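Letters A, B and C mark the chains in the order given here, with residues in each chain numbered from 1 onward.
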Amino acid sequence: MKFERKDILGISELSVNEINLILETAESFLEISTREIKKVPTLRGKTVINLFFEASTRTRTSFEIAGKRLSADTINISASTSSVVKGETLIDTARNLEAMNPDVIVIRHSAAGAPHLLATLVKQSIINAGDGAHEHPTQALLDMMTIKEKKGKIAGLKIAIIGDITHSRVARSNIYGLTKMGAEVVLAGPSTMLPRDIEQMGVKAYTKLEDAIPDADVVMMLRIQLERQKQNIFPSLREYSQRYCLHSRNITLARKDAIVMHPGPINRGVEISPDIADDSSRSVILDQVNKGVAVRMALLYLLTGGNE
Amino acid sequence: MKFERKDILGISELSVNEINLILETAESFLEISTREIKKVPTLRGKTVINLFFEASTRTRTSFEIAGKRLSADTINISASTSSVVKGETLIDTARNLEAMNPDVIVIRHSAAGAPHLLATLVKQSIINAGDGAHEHPTQALLDMMTIKEKKGKIAGLKIAIIGDITHSRVARSNIYGLTKMGAEVVLAGPSTMLPRDIEQMGVKAYTKLEDAIPDADVVMMLRIQLERQKQNIFPSLREYSQRYCLHSRNITLARKDAIVMHPGPINRGVEISPDIADDSSRSVILDQVNKGVAVRMALLYLLTGGNE
Amino acid sequence: MKFERKDILGISELSVNEINLILETAESFLEISTREIKKVPTLRGKTVINLFFEASTRTRTSFEIAGKRLSADTINISASTSSVVKGETLIDTARNLEAMNPDVIVIRHSAAGAPHLLATLVKQSIINAGDGAHEHPTQALLDMMTIKEKKGKIAGLKIAIIGDITHSRVARSNIYGLTKMGAEVVLAGPSTMLPRDIEQMGVKAYTKLEDAIPDADVVMMLRIQLERQKQNIFPSLREYSQRYCLHSRNITLARKDAIVMHPGPINRGVEISPDIADDSSRSVILDQVNKGVAVRMALLYLLTGGNE
């Protein structure tokens, strides 16, 4: 199957066949990062720009490593050093970068839709590395890759996503992807953190964690964005963690072989207790990070015409 | 012709022959950025340091891409992360970098003359990527390359440069270069933004845009440095744009086939109206950016002895 | 001799044989940085992460150049752009990086012991690029390499270290290394800057510069950390420099052929007078920087199994 897309903007527009192609390609790339010489010449002479308007260690580093292991030239631009401080519009920034002939622009932006705008304006491939509270497709793809590896499948699994659903691009992309792949997705979070019409996305939503995780095969905890909690969505952090923190007692409601996921960075003791986060029999949090490099290698490869 | 210079500090000291050699070399590099594999081994094993004491997206990125497409190792140092915060002098910074054996140091600095000081102190090649309000030679070279491509020549053209001439290193470098190459250069800007003795540089200066652009082949708009307008040089931005913004009415004073240039980033509606900036029949703003990579590749190549 | 260590955390744990192996390996790498093509394929396909929680020009740049000249892929992460701003613990950051399969993580951190903690947690090699006031092993190694080259030996030399001993990781690493290698180390600094039990490290300590430098073969001046002098350790900078600045008069107390060292960046006129810093017959400050690249190349090479 040929990959026909110019951009990766969200999971919402990907077909099941496309998701499967990406995951299979990523699986074939996983081994490269375990070699003595972790580098293949596939993208030699291609230019990948990481354009980050929000701080990020892991996503930017993951894309940079993915690009370099494929021998691409990688360029990092972060908002703090960019001409954004000079008031240039996103559109002008994009067109300027386009004129330097990159092959792929990876963008993270606080505004939902920013990558989509770029994609209509420039001829290069755009990868959405997170846009506001909208989508974070590479995170959902690495989550699906991790689930598939650990559980052998996605279809038919019960997957609970717990936390601030409203503000989570991770949740949104995973809901699109997991339901598409045939999983049963249930959510839990404070009512102030559950979008009103969320059940129209084909999921069930609860305000109690204990209602969502019974018999779950996968428990995916979301990050509370402490740095954004200036507007008090919930009364206090302590109250949140009393009701929504995953720990050694409530985890017993899930299936015995349930895996625990988190997109990181973890607020230990807020959304997940340290013993659960570090329990290697359950926690697949670092597997997620590991799959992230392979997923991003796969996308860079597919978007630059690798499988033609 | 062999290129004999150690450094590129300003257009003022370049001869017509040197400018022509740089432009011809850049033209031969233009094609590399359009290849499937945008990379040649010319500068393999060379080290290029981008030492930026002022924020920049496009110039830094342009140099970094230029270096990488020539297979150089590129190192970015920005003021905010550098030991400048520890109070080290520019001289000590330069000598320390010298001791690590780079081949080229690209420097942007808010102080006029900083690159020249460096050039006398270190044995490596220095490229001035903008020093205060003094010179920005790579910008002028890419501007001349763009004009030459669009108009077939530079000599004999009438070129109007509009805006804050006093504070513009772009204006200064272009005045040196364009007059040297035989163009007629006319300026317009508020009297507070016109250096007193500017006509000694071989140009005419007006306080009205309408006096400068009649019959111009090229209209080059300068950027108003909004971020530096704490000292009120002009009464208000609105008043400035009423008198000096290029738009669909005053552009008709120029030649029908006149091209419009801007060094970016654009303040849309301040120095240029959006319809003119985006009019692909006139605006060559993105061509300028595109030529920038080729010009910088040419300079890196020539300074490291490429054409010997 | 095979190099058996996983990490380079401090000079305190290195044996004389290990130090000699590192210095000899570094000497063999010195020549690469003087070649026309300054690059060897030794670390092709290896990933080196520079994880800097403190600002640094020279150390970060030195490691980055060292990695690139060995053809490693180098990734820079600085605290200001990292997810540290999201409150992630150092441990989680490290484990996340580990999951992306780097080969070496170079870390600078304001907390003493941070690199040691990392080393116990992740399987990759850790290099300490400075941890609080504890150790800065690569600085001491490049200092020893410089002394060995200039003096032909280390054993038997008298080496004076002057300044703020208490807060200096450079002093601590050098005391460990130089005494191990058989040098006589004497210290001088204000009593508030001399650790109480420092003589138990096998050195002599004085409060007067004039007591420490007589007959010294090497005078090593430490940097006063102006940016950290909010708590007044000494009455005034002027008083400090009157008593502890190395200048053309007190240097005559040292041996005629004594060399002068400084880890940089220099506060000219505070700890060393400009004429001494720039006296090429005595000052080896830029040699130190030059050796720094070679020492870091040697460590990257040895830690990735280069000499097996």
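General observations
As a working rule, a contact is a pair of C-beta atoms (placed from the backbone, for glycine too) under 8 Å apart; a residue touches a chain by one contact, two chains touch by 3 or more.
What you are looking at is a predicted structure, and each value in this text was computed from that prediction instead of being measured.
Least-squares overlay of CA atoms from subunit B onto subunit C yields a rotation of 120° to the nearest 5. Of all residue numbers used at the contact between subunit A and subunit B, under half are used by both chains, marking a mostly different-residue interface. Rounded to whole angstrom, the centroid-to-centroid distance between subunit A and subunit B, based on C-alpha atoms, equals 40 Å. Along subunit A, residues 80 each make contact with two or more other chains. Taken together, the subunit A residues at the contact with subunit B in this complex read 44-47, 49, 73, 75, 77, 80-89, 92-93, 95-102.
Those residues of subunit B that touch subunit A in the shared complex are 33-39, 52, 55-58, 60-62, 64-65, 68-69, 78, 80, 226-227, 264-268, 286-287, 289-290, 292-293.
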